[in-house]
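Each of the next two complexes has chain A plus one other chain: chain B in the first, chain C in the second.
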Partner chain A sequence: MISFSNEIKNPYTELDKSIGGRFADNPATNACKLCAPLGASLVFKGIENCVPLIHGSQGCATYIRRYLISHFREPMDIASSSFAESSTIFGGAENFNAGIDNIISQYTPDVVGVCTSCLSETIGEDPGMLLGEYRSSRKDRELPAFINVATPSYSGNHMDGFNATVKAAVRCLCENGGGASCEMLNIFPGLVSPADMRYLKEILDDFGIDYMMLPDYSESLDSPTWDEYHKLPPGGTPRKRITQAASARASLQFGRVLGGNSRDSIGAGEWLEKQFKIKCLKPGMPIGIKESDIFFKTLETLSGKPMPEKYKNERGRLIDSYIDGHKYLFGKRAIIFGEEDFVVGMTALLSEIGVHPVVCGSGGESPHFADAINAVAGDAIKNFPEPPIIVNGADFESLLELALETRPDFLIGNSKGYYISRQMNLPLIRCGFPVHDRIGAQRLLHLGYRGAQQLFDAITNAVLEYNQDNSPMGYKYM
Partner chain B sequence: MSMKNKLPDPAAVKDEILKKYPPKVARKRSKSIQVLGEPGLEIQANVRTIPGIITQRGCCYAGCKGVVLGPTRDIINLTHGPIGCGFYSWLTRRNQTDPGPDGENYMVYAFSTDMQDENVVFGGEKKLREAIQEAYDIFHPKAISIFSTCPIGLIGDDIHSVARAMKEKFGDCNVFGFSCEGYKGVSQSAGHHIANNQIFKHVIGLNDEAPEGKYKINMLGEYNIGGDAFEIERILKKCGITLVSSFSGNSSIDQFERAHTADLSVVMCHRSINYVAEMLEKKYGIPWFKVNFIGAKATAKSLRKIAQYFEDEELSAKVEEVIKEELVQVARVAAEIKPKTEGKLAMMFVGGSRAHHYQELFREIGMTTMAAGYEFAHRDDYEGRKVLADIKVDADSRNIEELHVVADEKRYNPRKSPELKEKMIKDGFAFSDYEGMIPEMPAGTMAIDDISHYEMEKLIEAYKPAVFCAGIKEKYCVQKFGIPLKQLHSYDYGGPYAGFVGAVNFYKEIERMVNTKVWKLIKAPWADAPSLHAELACE
Partner chain C sequence: MNDILKDRALQIATRTGNEEVNIDCSKASLAGSVSQRACVFCGSRVVLFPIVDALHLIHGPVGCAVYTWDIRGTVSSGPELHRQSFSTDLREKHVIFGGEKKLYTTLTSLIDKHNPKAAFVYSTCIVGVIGDDVEAICRKVEKEKHIPVIPVNSAGFKGSKKDGYKAACDALAQLIGTSDEPAPEFSINILGDFNLAGELWLLEEYYRKMGVNILARITGDGRIDDIRKAHKAQLNVVQCAGSMIHLAKDMEEKYGIPFKRVSYFGVEDMSQALYEVAEFFGSSHMMEKTRELVSEELSKLLPVLEKYRERLEGKKAVIYVGGAFKAVSLIKALRLLGIQTVVVGSQTGKKEDYEIMGRLCDPGTILVDDSNPLELAKFARETGADIFIGGVKERPIAFKMGLGFCDHNHERKEALAGYVGMENFARELYASVLSPVWQFAGMKEKAL
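And now, the complex of A and B:
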């Protein structure tokens, strides 16, 4: 077993994106990232009565809708300003105005969320200015609130778009804060599932904390059957609550990496801290026991209340199951891929259950990725036979090559890992985003003790199933 | 039609829909929403979607890269642009292919140049060249094609000259590009046209070696969603008909190269591929006509027409034999299903041909299509090719290149002499035909082009159809109304629905959907009365 001497600042082999010699200078084969307006749209869908508008050609909106739907299996209205060829020459102002007029007349929304596409960015459209003109030409009527955000995909991926939009929502809607004058806590959970969001809300309620969670698509993107049709699905962060963001007592912003490649990579919480001195707490995504402990500890401090019995028990049961399942997982090797903070959280979880993350890959390009992995799993990793290979700007071709090289026991991440799993006959534990070849992606739970429990069971069972299927005897007992 | 009596008046439904729109929008939409009945009715189609009105339509790139070239397995399809466009078109249409045990298959890959800031500022040609080189070095494919996305047109990368240079450099790999930026045209349709042009220019006619076979045909506009092409191939083979090429379901580039050696082109999806059919006739003398392999009767009819075209007793006899044999099973299942589906309503809004073709299958199990429309079709797909001459060419269509094709000096060979063709036409044989969807729909039903979300909601409220057919973007809205939606783009993991086996699959699927009990569970026991004083539910 190799252990690491302390002089090496970062003990991980960090590979660049030209890994494996394929498509150096980063053209992507089977990309491990999606585009920025998708992330923006997702945030807009998590704001109450908000309609997203992608400023550009309609194709992007259509693609993004169909893609999000394949994950959430819910209605997904995203409008477009439907550029014509002439708009690329004369600008898209006319289409922009018409688009917003039509959204208002059809939906009477509280908020219209405007993001740009690569096309409108390339021709230099400025939605902030367009909105200003729109507003001043329609002074005679009551207008919804607007959020605008620049989301060119040539300088950031879906996660960057997501983070930029959370920040933009706060920037555009919050009223000048009185600095921690209200009891409310801002919570920015990042790209998590509707089930994760419901769980977070339950936890916060149990701690008696008044909060504003942004975005909150726990209902809007996972809604029950309806008795009557809704133009916009119920649920989402109320606009009113967002307006108070700058008066909150503190912000809780999940993610040790956050942003990364976006032009300004600070999160909404950090922005509020900079602008309004609202304290920003930045725990990692609470995936696994240790990261969840930090989160719950923070809530104890914030609420002044002890940890409710319910969660103590969840934690206890989780540890009990770790003990039961440990023998099946210990020493197994895994490849993790997805958004950076998701991968970091997953690395934290796997390394605490004795699984060796051999490759941690993300399509993102944050310089903090390796450090964050070190922070959550550094101790555990020291005991592993070799350090994980950390890949920024990964695509699935490079991950396949690494898989062939590192021979993992399973893969954990989104549905796009399927080809690797198929080619190498390895279990793929589907989680994160996007999961479009299984049902129930919106109900996957990742966060907190309950999420760790679900993940742990899923991982252990995947390994057991694999062993059972490949056993010559076909044992029925473990 | 008897249903007229019990159902809401479609004219009133139309008025109701239009009421909510601002006057200008209402005027425009009014021309795209038509109540059928009057002959000679004109429908507005292929016009730009109104900004802010949520449409089913995609972009030109989607039509070119996704639809027409998407099903090609041995061409490396490289998206030149930022990451999203390529990612979203990564095998999302469920095209199937059978490369054989050692065949090349790049369909499971998504290649993109993944443009970054600096490429947008300084141009992306260098990166494109590198990506092509890499693809060539690693895979040694027969062909690499390049698709431009929106930003490319604006930064002015010349993909065609890059393609030419790389093709020359490699010597053994065909490289060609498609300027299919998403903002061109009004929908996928523009992309189809661009795809047709480039394939015709760069691929068709490269190999004169004709495959063996007595009755050689091209199958145009069949994309092998859910295995449809496999079923059609099975039937053709059984009849002794040789498929020279398929555009582009289960295709290979060799097939495209030899398409001009066939003696007939049959067209499934008229919208997406009629250009190739026309050009094959002009340049090489291969006649074409429209067929439909969706629906058992339509399949039989199409086979008979092919046999008739070849004027060959033996083929006709064989075709009759096959039809007779295949229909046994179809008739048995239809008889079983029909009593459970008869009289129910369907609606379908999809594609450029499916909204028409699938009406056939519903008719076979006694269901009526109350409303139908296309996403990206033109007037000729609704009203028939007879209106082609009076379709106004607007700014959006004018920008799409119209190839000027003339008869090939050496290889032009009219498969039917002009006299013979003339005679066949006189006897009622239709060439280069498409009657369109509307003539087949009963009076009192509706045709709606580029239906919006809101219009869809209104229609469902008014008619409560037993099943609604569209795509994934509509699926979950419609199902929130408690109405099942059948995806006719991707088939919801089902299929095939073409040919005889497909018809049987579809009957069963629809019966299952319209009679499923799951919707009955929606109503909870406490919905009617407060349960406080009611009996215990378990007593």
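And now, the complex of A and C:
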């Protein structure tokens, strides 16, 4: 992996909330992060025939369902063990067992994914133990597979929950590895859109690579209209494929921040490497040409085949459009916000089209965030009038404050930044997660050359539209 | 594979003949049933949310705050502090060592920054478990900052959404009676309208024309100072009775203010609400004004509705909403449009509510309490429904099954209350059911 992190010695102003930076004492206002069980649920929805169970109060499941429905606009069945006061005092085992029984009798799932909540963690519930007891008391029947993961929100956000659950799925389902005994490649794409997942699968197919992508909600959370009713939407990573994860030839795990090897952010790929010596490749999220090049190079190496013509053309057209649009973008200033690896990817893209990322903010608190931004901004930094302000543990109020100071030309990130764009009359380019105020969040493409093309067009057109709307004459040609 | 869980069987009934339907409701959601309900915290949060000049601080880890950030389409005529999401964002160390200090510093710095008229501090699940004395912190800050600081006892697991309504009412009760400013004659409080899409302003206009003065709006477009003097009103007019009945009863007991349960949805219920208020004040002038108002509104509305009715007549509807009183109004409103209700249910209905619904519905109608997606889909399929009236979580179920949908919940952007609301409601049903897109979609079994 190419990394610039040691070459440029932190030229950035880091305002790290988690380690006592400028915003450390600001009360959390309009958080730029979600809770861990949401990330867990999203992963479970990307496993075939899997029902998520949140062990805690009813509200956790309902809020998360509502939040995800507003983004994906798809059915979102997530069960709860529906804690009552007595469960909090005497333990939630009874509700846990009843919950699983009821899920099985309604859905006959292949997998039940159990994650904890703040409440069940605080009272010391151990779902691993609860599952053991459940299994041994129901030996008389065939049971689905179980995945269990600890996701208290007081020790991590939705991305931590997401990554922990991908890892837990592999840990709970994979059979003892034969160490690269099968041709399959594990691919862990992280929190990307269904359209991104479909595109990744198309690319892997075109390279002729056999793969297991986890999670894969490309169909389950973006399904065509139904002509018959499905209790669980079709699609998702098949359980059987996950069982082979420890025999894969290698793992491909997206994310420079996730791949940063900190104590608590080790991903599924790294876990498999540690446990079973499955080689883990860790490119950044392939957003923009440079990051996508790294990804495609990796695939060329893995498959032994050159990049198919189709993608060479996509890349070529993308560069052609970069040239067509470069004048409208050079020197523009942008604020990027969202999940860490998403922000890093966006920084990579903006840095290669002449846009100056003035603020890179995330609600996450990884110590690798600044290094990763560093690495992808690379040489472009020399052209920036001042280094980007990198904010760990950001909330939208601190982003608003920074926006008022830095006066960007546009914002890029999820739709929760809309109130800042409205207040400052700036374009917001909606992408990532969540997009609650527009249709088509599932179809937003971010990854690879095709994703970069969509993003580039959206960014350039947002700037053009803004200029046109604010011009005194309203011209007809650019 | 069962569509209906054994332990839920008594929460479902089909109206057969003339006998009363009997639903075993008001109980905790069954574990593993994907209930559409939220929790105690949610109940409190949605009720208090529209108080626009208060600080709403959620004490707990970040999730509960972030999922309720600007969650209702409730509109303000002034301050918009309620649209911010404040959280103490508790971390592991707070879970171990307690969150009181974090609560104190967060609360005081937010009050300094935003100068609210009052602050509500919502407890989430873990607050009670880790033993924070929220009440004591609130008292302390109240003394220091000289504004009411009110703890809301809303730990998620302590019951259902309905218990959250009660916790919100208890919090409001602490405010009411703390200001003795006198009220003009013919003053009422509006309870249980949340000013979604400006609905409360429509009602206010009707009441103004009748000569009625609105003292406190509880809570849509609500103001702390108005709520503090709400005990000076002569009458409480309560919509969304499920959420506000505790407060109405409490005020009746403490201050002798009578209350009326009303609904502003549909022509009949809307008119009845206004007549009941006029009747209460016993002023013939007011009654005359009310008649004028109602007949003027109806003369505009009815011809429009007739046009929609021509196209909607004979359609079948599923209603699944939070509160049962709304469901009752919807059955009537749909009937006015020639639409038959074939399934009706609510998250928090009481036994009496279901009896009323049962009496209103035709034989064969399915009634359900605290339902889940599988049941709702099954009922909609079996009854051959054409349209679904629900909230965000019901929408994808309806759409995947090829049913039209009307959002009658927090996210709605069009007023559905009042006479204007009835027209909007009809138009929305019409626009969804008769959209040409359905020619490409829908279940095979429905086509049979």
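Things to note:
Note that the second predicted complex is superposed on the first by the 455 of 478 C-alpha atoms of A that agree within 3 Å, B and C clash if a C-alpha of one lies under 4 Å from a C-alpha of the other, contacts with A are read in each partner's own complex, and residues count from 1 in each chain.
The criterion applied here is as follows: a residue touches a chain if its C-beta (ideal position, glycine included) is under 8 Å from a C-beta of that chain, and two chains touch if they have at least 3 such contacts.
Remember, predicted model here, so these are calculated numbers, not experimental data.
On the superposed chain A, the two partners chain B and chain C do not both fit; they clash.
In the superposition on chain A, contact of A:T108 is made with chain C only, not with chain B. Chain A uses residues 25-31, 33-35, 37-38, 53, 56-60, 62-67, 69-70, 73-85, 87-88, 95-96, 98-103, 105-106, 117-119, 122-123, 152-155, 157, 223, 225-226, 229, 231, 397 to touch chain B in one structure and chain C in the other.
Across the complex, chain C is touched by residues 25-31, 33-35, 37-38, 53, 56-67, 69-70, 73-85, 87-88, 95-96, 98-103, 105-108, 117-119, 122-123, 152-155, 157, 223, 225-229, 231, 397, 416 of chain A.
Listing the residues of chain B that touch chain A in their complex gives 20-22, 25, 48-62, 81-90, 92, 108-117, 119-120, 127, 130-131, 134, 138, 149-151, 153-155, 182-184, 186, 395-396, 399, 453-454, 457, 461, 471-473, 475-477, 480-482, 522. Interface residues of chain A, counted against chain B in their complex, comprise 22-31, 33-38, 53, 56-60, 62-67, 69-70, 73-88, 95-96, 98-103, 105-106, 117-119, 121-123, 152-155, 157, 223, 225-226, 229-231, 397, 419. Residues 1-3, 5, 7, 28-42, 60-69, 84-92, 94-95, 105-106, 109-110, 124-126, 129-130, 156-160, 372-374, 377, 381, 392-393, 395-397, 399-402, 440-445 of chain C are the ones touching chain A in the complex.
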